[in-house]
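Letters are used for the chains, namely A, B, C and D, taken in the order the chains are written, and counting of residues starts over at 1 for each.
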Amino acid sequence: MKWPVLLINYKAYDNSYGKKAVELSKQIERVAEHFQDINVIICVPAVSISEVSRSVSLPVFAQHVDPVAAGAHTGHITAGMIADAGASGSLINHSEMRVGFDEVAESVKQLSSERLESVVCVDRNELVAPAAMLGATAVLVEPPELIGTGISVSNTRPEVVISSVNEIKRAGRGLLLVGAGITNYDDAKKSIELGANGVGLASAVMKAEDPATKVKELLEGIRSGMHK
Amino acid sequence: MKWPVLLINYKAYDNSYGKKAVELSKQIERVAEHFQDINVIICVPAVSISEVSRSVSLPVFAQHVDPVAAGAHTGHITAGMIADAGASGSLINHSEMRVGFDEVAESVKQLSSERLESVVCVDRNELVAPAAMLGATAVLVEPPELIGTGISVSNTRPEVVISSVNEIKRAGRGLLLVGAGITNYDDAKKSIELGANGVGLASAVMKAEDPATKVKELLEGIRSGMHK
Amino acid sequence: MKWPVLLINYKAYDNSYGKKAVELSKQIERVAEHFQDINVIICVPAVSISEVSRSVSLPVFAQHVDPVAAGAHTGHITAGMIADAGASGSLINHSEMRVGFDEVAESVKQLSSERLESVVCVDRNELVAPAAMLGATAVLVEPPELIGTGISVSNTRPEVVISSVNEIKRAGRGLLLVGAGITNYDDAKKSIELGANGVGLASAVMKAEDPATKVKELLEGIRSGMHK
Amino acid sequence: MKWPVLLINYKAYDNSYGKKAVELSKQIERVAEHFQDINVIICVPAVSISEVSRSVSLPVFAQHVDPVAAGAHTGHITAGMIADAGASGSLINHSEMRVGFDEVAESVKQLSSERLESVVCVDRNELVAPAAMLGATAVLVEPPELIGTGISVSNTRPEVVISSVNEIKRAGRGLLLVGAGITNYDDAKKSIELGANGVGLASAVMKAEDPATKVKELLEGIRSGMHK
């Protein structure tokens, strides 16, 4: 996975699917073209992977994938399905979609077998190395008490970022992303300065009056953090 | 919901999504055109609702929907999403995707608010009336021990169908579908003769060498059961 | 189940288990002896059912039971286990321990096969009749937004109680309990006056400085509501 | 944790609770007294921890513990509860009681805060090091396809044992137990010879006509494996 990363999680907001999602993705793509050094990933609902993938050249991720291969699994989303629809990876174990210990391992394996990337979400730095050792392309650390608050992990709890960066080094593999409360230029810049390979966020962009301008601000923050 | 119903669950089989699903759906549609008196519903993976809906005029259902409205729900499939993608309803509580007692109620409500139909799956006749009272468009009874066996509920356990038909009458609302092991003309015919408003199945069609011919056989069975 | 009911859920508070639970249960029993017309039920953690049952003659309930019979079910609590330990019933589907649609049916059945009572918790009046039809001894309605707030369902949302009372009548079987925010004499009295067969609560007693006095107050409220 | 270990999981069998569990535990204790060099652990249902702990001096484990501290957690089993009841540890994430990725971390932490031991169950050797890094006292590897079959992991899939032993060494902490299909002297002996610190089993003892003799056979197998 190319880095630094700006990972935008569309969640299930009103503008996360259908025509609004396509329009939003095009806006993000236009901004991202001016930041070729940064890997902008968008995570969209399963129903919209196919349509968004056809509309933009940004890497499109699923928000969840089930730990099963093709078969009798009603209502499940498989790695094969999202690959076929145009996704290049998936989130796993998001705080709003937790999965089992064994399921993290199996989901990473299923994604890998389709040559897809995996971003495993965890709620504490102690889980960074275990997730990386399971083969995750990247681990996204998000202290749950800060998600959606606008109070950023990088400015409020820099020690979480620092210790997570140390953990990913200890694992000897994988990238380290941070999230929770990432809202502006400073939050993004600080995260990168502390050693993270990227940031993840949702509401800051999805609920912005002008999402394109917000994405530009965050990308400038990441770039500034890199070049310091 | 118009009835009698033939509900085909694509599950997560290899041919359930992408181009294969579109091709399969077109084949089913061509057969269904000769059975305008029967409501042929196809239940496809979330990733393929949009594409399949655009390709055929058959009613397309989701296989699962989460009991939430739009919002911060990573990895969730909302009624709004599937409606936007072209679905006209969803399965709820399939044996491979069980949900909570309260979630059945909330999912039916969310679907209803999007003017979508709901087919609640249950494993025993005692749950038929409760599910119907929650407002389900239809209840699909499937004894779990027969699912995928090819041993049909209608021929092996007709008492389940009969008591379920009585239960739906007692509830005073909703249709009653039966499933589990429905494989051929006789299984379908017998189900309708016993009073069911339709049948649900998956592997008999999805794993058939010639799915179109199998669908035709099942539709003829349903028609025969109606006209008896 | 004898009624009116005062159902006290010990949850997993510090005083819910061990010696503190036995001491608390004895205090409650001493008060309850003066209210022989009211059925005081205490719901204790699985680890303490045996010890509390031996210490008091109040009916002791489990807080949860799994929908399985004896067998290879590591970590599960069966109806047979709690019966053997001295319980006379169990809560099912508490808002902090939700279970599946089918599991409610199976748990009620398992409890019934051990001649144990079942109190199914639901979050809305639409679920009262379905739960009662599954054979629950009683249904406990608790609007989740009021649980633990001290703002009582009976005083804030009397329409929930009234419609739930109507629903239980419609089902033609089972008792109707209400809960969420029940804290004092008036909350208990009002609940009974509105037609409920009892009230359920937890923190009002478990966190009281003097639990015995609080139980006395609630029992007097119930009695007053009955005799109005 | 002292080793080698013979861990006997009572599951929810008919003889797992109540008087039968006490009697069985006493029988096991009498045999274990002749094998002071082996750590015999019994894992009992939550309802019986207290009674069994008082009856024997063997270390008693819970079969599951929830990842929460004391509080408003109806139906949950906390580390504080089982410690108070006399347990000295708990299984976590048994294949019949899987928990989330974050929950494994939190459960180990909760147990540790009560000075209790933790045995994390996993289904593959890739999860051994991650579980050990979370601080588990021991990791129990059980290929799910062999559980309850009587076909032992040590004789059928020795490579799983060998690679798991390597993984625990890589983690640099924790013991490595193996399970699934362990039935007799040879299975136990072979497991130890391959480098495991102990074996876990259930049905071989719980369903034995003469459990005491079966325990003796297994303990002799372990001893033989050690002294080779």
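Everything below uses one rule, namely that a contact is a pair of C-beta atoms (placed from the backbone, for glycine too) under 8 Å apart; a residue touches a chain by one contact, two chains touch by 3 or more.
The model shown is predicted, which means the values in this text are computed figures rather than measured ones.
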Remark   = One copy, subunit B, sits on the other, subunit C, after a C-alpha rotation whose size in degrees, in steps of 5, is 180
Query = Residue numbers at the subunit C-subunit D interface: does the shared fraction exceed half, giving same, or fall under half, giving different?
reply = same
Query = Using mean CA coordinates as chain centres, what's the subunit C-subunit D distance in Å?
reply = 35
Interchain centroid distance [CA atoms averaged], subunit A/subunit C, Å = 43
Request  = Give me the residues of subunit B that touch two or more other chains.
outcome  = none
Message = Following the definition at the start, I'd like every touching pair of chains, please.
response = A-B, A-D, B-C, C-D
Inquiry  = Show me the residue ranges of subunit A that touch subunit D in the complex, using the header's touch definition.
reply    = 93, 98-105, 120, 122-124, 126-127, 129-131, 133-134
Message = List the residues on subunit A that touch subunit B in their complex, please.
response = 9, 11-14, 16-18, 43, 45-51, 62-64, 68, 70-78, 80-82, 84-85, 91, 94-97, 148, 202-203
